[in-house]
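In structure tokens below, several structures.
One chain, chain A, appears in both complexes that follow, with chain B as partner in the first and chain C in the second.
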Partner chain A sequence: MRIESNLKWHILLILALFISLMPIVFAVSTSFKELSEAYSNVLGIIPDKPTLSNYLRIFQELPLNKITFNTLVVAATVTIFKVITSVMAAYAFVYFDFKGKNLLYFILISTIFIPFTMTMIPNYLIISQIGLRNNIMGVILPQLSDATGIFLIRQAMRSIPMPLIEAARLEAAGNFQIMANIVLPLVKPAVISTGIMFFINSWNEYVWPVLILKDTTNYTLPLALQLFVSSEGGTDFCLAMAVSVVTMIIPLGLYLIFQKYIINTFTSSGVKG
Partner chain B sequence: MKKKFGNKDVWIAYGLILPALLVFAIFMFYPFFYTVYLSFFDWNMIKPVKEFIGLANYKALFADPLMPLVIKNTVEYILILLVLNCVAPYVLAFVLSFVIKRGRGFYKGAFFLPSVISLVVGSILYLWVLNPVSGPAAILAEFLGINIPIWSKTQGLVIVVLSIITTWKIFGYNFIVIFGGVSGVPQEIIEAAKIDNVPLYKIFFDIVLPMSSATGVYIFIMTIVQGLQYVFTPVKVVTQGGPDNASSNIIYNIYQEGFVFYHTGYASAMSIVAMVLFIVLLVIEFRYVEKGIYYEN
Partner chain C sequence: MKEIVFENVCKKYGKNLIIDNLNFTIKSGERLILLGASGCGKSTTLRMIAGLEDITSGNLYMNGKRVNDISSGKRNISMVFQNYALYPHMTVADNIIYGLKVQNIAKAEISSRLKAAVEMLELGGLENRKPKDLSGGQRQRVALARAVVKRSELLLLDEPLSNLDAQLRVHARKELVKIHQTYKQTFIYVTHDQVEAMTIGDRVAILDKGRLQVIDTPSNVYNKPANIFTAKFIGSPGMNIFAAAYADHFLKIGKQSVKLPEFWSAYIGKRNCREFYLGIRPEHIFLQNEKRKNSFVGVVKYVEEYGSHCGIYFDLEGHEVVASGTNTALKPGTNIYFTLDSARMHVFDKESKKNIGYPEVCYDNVYQYQSV
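Our next item is the complex of A and B:
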């Protein structure tokens, strides 16, 4: 009886998973189909006549190497800066006592809740004024720090036993040594997963780049993808799916490699003091 | 426990925070207040002079015949989103924590997976999957004798589809975080209740929900924040606000006013109204939920 009732739940979970993962399977499958087969053999996962022509065509029709490179530069730069500024700030919030600490922390964390629309027009004006519109630097600049990172890394640092740090201080270790030799190795999983999430989110970012970037050669992958969709109908889904696969392959790969770290960090990131 | 620090240490602390603070000051706090400032002006981003018009933008906004529809669409979207991304993952997290033991790691990993994929990709995937004529969902539904309506031309249904697309993106993250909160409820309490033959739904409502409500509230807020942020992408990629503004919502409208029609002041005023709306939602939520919250610390 026990097993039977569990089976019911497993079926429910599998069904939910099926709904959320099947679109990805269809996308990969369609990207290897010819256009005619995409419409005649919709449900077939393995194409009858697999073809690479969609991939060849998207690289011909678009400067996709340049676009992928742009995406990589944006995501890598944003990630490096976000991680460094988050680790620094988190360290200060955990291991120092100073005036206005709680207020400052509260102000920084509150930025998580500021809607994007409250900042987009002035930021657009700033980036235009300093001549970085239509330039990936203009995409990068407003994203150099992130309150979520400060929050997650601070959580991780707080779980390090304080006596460990005190002991190091007694042995006259400097802040830099404590950070590099004690704190960083212990918060490595949190730093890695936060970094991976920053990278993935920046890789996927659409709203801000679409305001800033105008020329196709300066595009990032999500913007290029949108070129293949026509709301009037007539979208070539085979090409669109091929670009989709190119866009999602790096985030998916990173996720599969670092899955354990990421899941653990977010599982323990709930509201705990 | 903590040691007192000298002056020098304090300056190190400020120095460590400075880079993050600088970025936030320039690209968060200054823009925030500048948006408030701009909402009192008539401007188009290009004219050298901004004309002060007081509250005229706000008055125009409340007189805008499109506004009630836009706000209705936004609220509808958020309500669907909350059901799909707070209620559903809560139930699944409960089941996974206390009812079944096997496959926990697998389910967590698999449910989170779509969260790492671009929403533009998600929009295109669902445009294909939910295509009423040739999409896989339509063909599967045909076996069951169901026709998928032409949602892109149907008021109401468009919002459901938009919600599905953003849910696909948000669900996994919410699920993981809620799972963390739910599995923080001591196993012994659940076991004791099970031995007393307390039905599962009662365990859920009377024990698990109150004891994990701090996480629940966090996820509730984040769903609204993220949901409003994310919805822009599928609207822009899939519907452009159509048909007849049936899928337009306040976020997309701000974008259109600001970056298509160049009504900079008007768009700023609308941003502020959107934020106030959002804060009101939160306050309502807290008035009703806050009393029952159980904080771990």
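Our next item is the complex of A and C:
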């Protein structure tokens, strides 16, 4: 019975894995094909005549090094800033007592549900007025305010048994010591997965940079990708896929490095006592 | 050493009164037990001493200094939590010395204190393990080690043995007393287990619904309970309490009456106490096979087997009474005859439910058993 039901699940999982991996395999494979083969041999995974010409071309046609650097600066700044502020705000919401705490938290969390399209125009006007259009600072700034991290990290902190914090308080540990020595090590998986989520979201951000950035040298990777998708002479899939692969590499590498923490978030149940 | 004084201390959560006007003094260097059923406010009292709970009104003094607004870290106390509160990501050694590191104590001093604590609590070889790799007993000892390395003047323990099995508990009780004798800290120990309270405590404070019922030595709490609550709460089974009356040298329980010894007659007579509650512990009821002069009669209800002896429950004029005995063959419904040990009788005022005291002869060590 057990093996049988496991088998069912395994088939389902293999199917899901296939569905989710297929586009990536397709992208990588097409990026090494010549355009003619991309049309004639659409589903072939291994190209007949593998070529690096697509990669050489995209780096020649666009300042891709600069664009990748821009994207990294935006994503890293947004991630680091949001992780730090989210951890500190979550700590305050969990361990400090102050008047109006719950109301403030409620207001803060409800901002998560404000759609991007509602803040888009006011944000655009503000960024224009302070002269940050066509500047990656203008891309970064509106992304910094986000309560999602506060919510996620607060939930993780709330699962820490209160006596652990009280024990540290009795030892005369200050709030920064408690945060660094007790709370952060215990919520590390949650912080890291929140950080990765921030990074990937910011890395993939498209609509806002499109509004703000004008010059190609200031572009981020999703904008560069768009250049190849909708060029007037029709889409060159091979080039578009090569840019896709470049866009994927850094988030994928980060995910591979930190994946054990992401898995930990779901499996760690903490030690009693 | 720390002396702690509670002065009219109250604690409210919203509108709920948790601690009601607490007034007592914890002497420096003593082992004081806070005993009570769950929800009686004993842990809240301990947490107020620790500074983990605010005091709603009243004053708390430590060594003469008011500490209401002093943060817990500045009170120089150690505490053992019920679930031990060990840091799961730190090794045993790091758990023990965390507080010392926070206080920037010299490394040599830290390692010598760690060594002493590890030796005393038999934790050798476990220093590099994580709490999750320890047994319940070992975790409890790590928590104790963490509390003793601090060498504070006050050690608070919140039901530290409640997660241990019965055998380990006996061992841990001895260990706690040993720690106290070594470091001579003031011990404040919260428990709902009266055996722990009686064996560990120099004095026992019994709380009920946020009110202090009594604070006294374990012997007095058991043998001379100050009120009905204490009498019933301490002892297993607790003391039998039932309404009784006094008239003309006779003790009346329902329709039955027996003659009281002269010392009780005089004592009760002098206090003009006609109706009262009579208390008697199960082991101070003497069962007899047949009716004698001055014996009461009851009807057996059921018998509980304890191993070394048994508890015989019987009906006495509508009151359920339990006596210690050895005869497990008693059948429900049969008559049972018994006398009461008059030197171990307790009389409680009907209104205030307080103990009215004892004739002098009851305090006298040379006093011989005399049945009522």
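List of remarks:
The rule is short, and it goes like this: the second predicted complex is superposed on the first by the 239 of 273 C-alpha atoms of A that agree within 3 Å, B and C clash if a C-alpha of one lies under 4 Å from a C-alpha of the other, contacts with A are read in each partner's own complex, and residues count from 1 in each chain.
Quick note on the criterion: a contact is a pair of C-beta atoms (placed from the backbone, for glycine too) under 8 Å apart; a residue touches a chain by one contact, two chains touch by 3 or more.
Keep in mind that this is a model prediction, so the values were computed, not measured.
Of the two partner chains, neither chain B nor chain C is touched by A:Ile109. After overlaying the two complexes on the shared chain, residue contacts for A:Leu132 are found with neither chain B nor chain C.
Between chain B and chain C, the partner in contact with more residues of chain A is B. In the superposition on chain A, A:Leu72 contacts neither chain B nor chain C. When the two structures are aligned on the shared chain, A:Ile182 is found in touch with chain C, with no touch to chain B. When the shared chain is aligned, chain B comes close enough to touch A:Ser145, but chain C does not.
With both structures placed on the common chain, the touch criterion links A:Leu35 to neither chain B nor chain C. When both complexes are overlaid on chain A, the residue A:Leu227 reaches neither chain B nor chain C. By the touch criterion defined above, A:Arg169 reaches both chain B and chain C. In the superposition on chain A, chain A positions 166, 169, 270-273 are in contact with chain B in one complex as well as with chain C in the other. Within the complex formed with chain A, the residues of chain B that make contact are 1-5, 9-10, 12-14, 16-17, 19-21, 23-24, 26-28, 30-32, 34-35, 38, 45, 88, 92, 95-96, 99-100, 102-103, 107-114, 116-129, 134-136, 139-140, 168, 171-173, 176-181, 183-184, 214-215, 217-218, 221, 225, 228-229, 232-233, 236-240, 242, 251, 254-255, 258-259, 264, 267-268, 270-272, 274-275, 278, 295-297.
Within the complex formed with chain A, the chain C residues making contact are 50-52, 71-74, 77-79, 81-89, 98-99, 102-103, 130-132, 136, 139, 146, 150, 163.
By the touch rule above, chain A contacts chain C in their complex via residues 161, 163-164, 166-173, 177, 181-182, 185-186, 270-273.
Against chain B, the residues of chain A that register as touching in their complex are 5-6, 9-10, 12-13, 16-17, 20-24, 26-27, 30, 39, 42-43, 84-86, 88-89, 91-93, 96-99, 101, 104, 108, 111-126, 141-145, 147, 150, 162, 166, 169, 175, 200, 203-204, 206-207, 210-211, 221-223, 225-226, 228-229, 231, 235, 237, 240-241, 244, 247-248, 251-252, 254-255, 259, 262-263, 266-273.
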